[in-house]
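First up is the structure itself, then whatever we jot down about it.
Each chain gets a letter, A, B and C, in the order it is written, and its residues are counted from 1.
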Amino acid sequence: MGQVAWKGLFLSLFDYKTEKYVIAKSKKVGILYRVVQLSILAYLVGWVFIVKKGYQDTDTSLQSSVITKLKGVAFTNTSELGERLWDVADYVIPPQGENVFFVMTNLIVTPNQRQATCPESDRIPDALCYKDGDCRAGEAVVAGNGVKTGRCLKDRDSIRGTCEVLAWCPVEKRSKPKKPLLASAENFTVYIKNSIRFPKFKFSKMNVLATNESYLKSCRYSTEHPYCPIFLLGNIVQWAGSDFQEMASEGGVIGIQIEWNCDLDKAPSECNPHYSFSRLDNKFAEKPISSGYNFRFAKYYRDAEGVDYRTLIKAYGIRFDVMVNGKAGKFNIIPTIINIGSGLALMGAGAFFCDLVLLYLIKKSNFYRGKKYEEVKSTSRKSFSSPTLNGNQSPDQVGGL
Amino acid sequence: MGQVAWKGLFLSLFDYKTEKYVIAKSKKVGILYRVVQLSILAYLVGWVFIVKKGYQDTDTSLQSSVITKLKGVAFTNTSELGERLWDVADYVIPPQGENVFFVMTNLIVTPNQRQATCPESDRIPDALCYKDGDCRAGEAVVAGNGVKTGRCLKDRDSIRGTCEVLAWCPVEKRSKPKKPLLASAENFTVYIKNSIRFPKFKFSKMNVLATNESYLKSCRYSTEHPYCPIFLLGNIVQWAGSDFQEMASEGGVIGIQIEWNCDLDKAPSECNPHYSFSRLDNKFAEKPISSGYNFRFAKYYRDAEGVDYRTLIKAYGIRFDVMVNGKAGKFNIIPTIINIGSGLALMGAGAFFCDLVLLYLIKKSNFYRGKKYEEVKSTSRKSFSSPTLNGNQSPDQVGGL
Amino acid sequence: MGQVAWKGLFLSLFDYKTEKYVIAKSKKVGILYRVVQLSILAYLVGWVFIVKKGYQDTDTSLQSSVITKLKGVAFTNTSELGERLWDVADYVIPPQGENVFFVMTNLIVTPNQRQATCPESDRIPDALCYKDGDCRAGEAVVAGNGVKTGRCLKDRDSIRGTCEVLAWCPVEKRSKPKKPLLASAENFTVYIKNSIRFPKFKFSKMNVLATNESYLKSCRYSTEHPYCPIFLLGNIVQWAGSDFQEMASEGGVIGIQIEWNCDLDKAPSECNPHYSFSRLDNKFAEKPISSGYNFRFAKYYRDAEGVDYRTLIKAYGIRFDVMVNGKAGKFNIIPTIINIGSGLALMGAGAFFCDLVLLYLIKKSNFYRGKKYEEVKSTSRKSFSSPTLNGNQSPDQVGGL
């Protein structure tokens, strides 16, 4: 022993140990195993590598910047507002051109509101009254516009009236033009500039191609011009499956999805945005309370005496949410190895399944079980130099999985 | 050979090869292996399949649209502003009803500011002066409101004064009402409409249930009404663990999380939002510089002479951030197979561990090592028809892992 | 049989079955296998455990709240606006201090616009005309400011004129100051308060350290002060690789990334934000149509007669997008086991590869193939008590993978 033993120990480190296999001449199981192997191989090559691009490292943490710019004017002539021209500064809220913007298409204007007392709107159930006692002074009207003063205001001859409120007076008359005021907003255009960056791969791109300026001035996005970043509002709404005039009247929310799905193993010019449009608010006509989109805002003025007054606007319109998401992939050795490795590991599971069939489900299972499992008994008395092989001891191997 | 050999080759493709096993009649290791197997099985079934729903394909790229709408009025009577009623258009900033909205609950108003010269606030260290030389003309006051004109303005008898500045004059007097002005904002309600869509499964849902309209007009979210989308601001703040009056005075940020965790193998009606509330700014009273939430904005007016003046408002209040996230899962064969496969692969690791015990850690290790490993020597002279089996050659197998 | 057989069956459940290995005394393949094993081990320990911290459960669903606050004043003296001081309420849009804010640095002011008729700007191609017939009444000017009235307005002597439009008059004269008006915005500061929370681990932190207040009043973020949350706008733009004066003139978008990469196995004080800055819009000077950032907004006034007029402002400036992302990890037994298990499964793939070499690529492949695969034939007549081992039957084992 001694030095020789250590040398043997060291050398044995470089012996290769490989599993001993038993060849079972069972064509049934053999074909089954080949089918399983081919399925796993097909899954690995077809799904993992070709469809899911498992050989690539991916980056989904996209940095994105969206700048939107609307163009278009609309002319309206109503009894309330007279002749009026609406331009971008009038109908885009907020004006900053971020990824969420609202285009006002219909509105209820309540001009010259001042802090005063006046009758509450008679459409509000809580404001209805028969006598002063119904209007508790100092109490806010539920879902109303002001605080009750304690008086019940009635028309001559009528029994029922409405509570007087301290509010911005006169209060809003709730009636919305049936036809949207800015129906022509359908022809407005929006220019969407979107720069993206995949930080992991230090790859940047923009949805505006390096084409000549005049193209950008005249093009409109369509299936023929998939890389033109200028969209007609009417088209966007139509592609989202809605009717512009109905939406302009009631309001709604449209999502503009920009998807960047880039294979950076290919040329950068192959990495292009894909646009899709969907309606984000639900549009069930049967649920009026939860459909549409509107909000109230006010413009504040001060008169010569220094008293504030305001114009209250209930704006209906379409909110556009530009949502950018993306994924970039590039060849990397580590995911490639992992995917191959786990695919091969799956083969082990296949073999396990075929073993079950071989050992328990076919006619000659008993025989193969005896061949596969070699029983060894350690008895301190005698040490066999050949394994004890017993081909027909069925109950012993039942726990073979 | 020839044709016969090729036929044999082809047929041998469908022979099934299965690992040969040695049965070690060691109850210790056998029980250990069964325990390991059961643990892996329990992990696979319990954790991977039942808890993590590993048989499902998941979609986490939720498309979400949030529309918020506040209701409520507040009446205030202060020496500064007189009797005043505040409605939605007054206290909600911005008015659009997006997923982030701010409710103004306290404010410092500085009316009638004009471009002029006036003394800087004496609370700003950089504006304090003893003589004109301390106020370098044209220099901006650090953290101040204007640009120094070069004069030091003092009260009679006092040694110390403040620099004169060119600014919107008069400058803001920094004193905030101790009691929040709009303390009654606690009773305002917010109606949160949230539509979501899981694009991978083409599944859409809304947090507003298809109940009758009158329920939506009167309900308030609570543990009894978990699907009512109307929230009392006071409740939100309380559920987030804060005190409304204190928050209304100093300002703060509240997060409203809406979580959609949908198992699409079940009925769509089982996919319901879950709301939770948390305070997002930190509220350590010991760090006044970093607590609270406020900002300044101005309303601009023009007088008869065409000169601009403004009302500066320092607004304190509560910002609400509605954050939606979700996950949907649906049965899919691919993740199911992958999870079963990798679970079985884990069994291999268990077997490896038990092998270590069998071959190196138990008393009869030596014996089993000899049985497990069958040494074959290839000698060109003679070719044994049976393997050379040697049961007791300890140093050679030490590298057996 | 009977009871004895069942007992045997039960006991055999606790026999340990271990694969029988053949020791191939091939040093080449042995060394190859050790190299593969070491590579996998190195990958597992080095990449999976040390670099990727595979022993940790991670949370990437960060809850974040950003509050921004600008400080700084600028004094301008132009022929158009006269002496004017700009403070935070003037140049920050929107004023709320959210995670996206815009600092106005240059502007084109068109004061006193009223609804009227006037000549369209002669820079708009669609508005050029030679005779009234070129201006179809009621038609909106493409990319223009109003609706044509049908008249073509010409200067004396000139052949070409511009269409008269109904618009907010006078229309904007398109000329932007070459030098940015608020060039001194470079010295403005922004205080970014960011609170984060990892819900899975119930861990909260803020980017403002619990230092004394005076430090926060005077510090500026730099490599020496990496935890100071107050940033000089000029520095941010410089770190993003842009020139402030050029950006102030044309506008642009800057991203401020805050990254929280927290190892919660360490002390909470080790979890600190990391700031980075990048330009988000592209800045290719050769594409003027797609560079820069600007938008139009208006301030509305009402004169003594109750007629609305407005000041139109085309604002150029820098939009800052504060983007927070993060990841927290904490030790968890489940990912640890999974990663070890799948690492070991990878070893199986290594063994498979070495088997290929042993059985098909080395000189003595034939011999080893015979040793590894033990052919068993099931013949109903006789049952061998020892396996049929045949060392040299090459064509039969070719399908051995």
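Please note the rule applied: a residue touches a chain if its C-beta (ideal position, glycine included) is under 8 Å from a C-beta of that chain, and two chains touch if they have at least 3 such contacts.
Which protein is which chain? UniProt says A, B, C = P2X purinoceptor.
Everything numeric in this text was worked out from a predicted model, so none of it was measured.
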{"item": "Angle of rotation relating chain B (P2X purinoceptor) to chain C (P2X purinoceptor) [CA atoms, steps of 5 degrees]", "value": "120"}
{"item": "Classification of the chain A (P2X purinoceptor):chain C (P2X purinoceptor) interface as same or different, half of numbers criterion", "value": "different"}
{"item": "Distance from chain C (P2X purinoceptor) to chain A (P2X purinoceptor) - Cα centre to Cα centre, in angstrom", "value": "16"}
{"item": "Multi-partner residues of chain C (P2X purinoceptor) (at least 2 other chains)", "value": "13-15, 17, 19-25, 94, 301, 304, 342, 345, 348, 368, 371, 373-374, 386, 396-397, 400"}
{"item": "Residue ranges of chain A (P2X purinoceptor) touching chain B (P2X purinoceptor) (in the complex, touch as defined)", "value": "5-6, 8-9, 12-15, 17, 19-27, 29-34, 43, 47, 93-94, 100, 102, 115, 138, 140-141, 143-147, 166-168, 253, 255, 257, 278, 280-282, 284, 287-290, 293, 295-298, 300-302, 304, 306, 310, 312, 319, 321, 323, 325, 342, 345-346, 348-349, 351-352, 354-355, 358, 368, 371-378, 383-387, 396-397, 400"}
{"item": "Footprint of chain B (P2X purinoceptor) on chain C (P2X purinoceptor) - complex, ascending", "value": "11, 13-25, 61, 63-65, 67, 69, 71-75, 83-85, 87-90, 94-98, 112, 184, 187, 193, 195, 197, 204, 206, 208, 210, 213, 216-217, 299, 301, 304, 334, 337-338, 340-342, 344-345, 348, 364, 367-368, 371, 373-374, 386, 389-392, 395-400"}
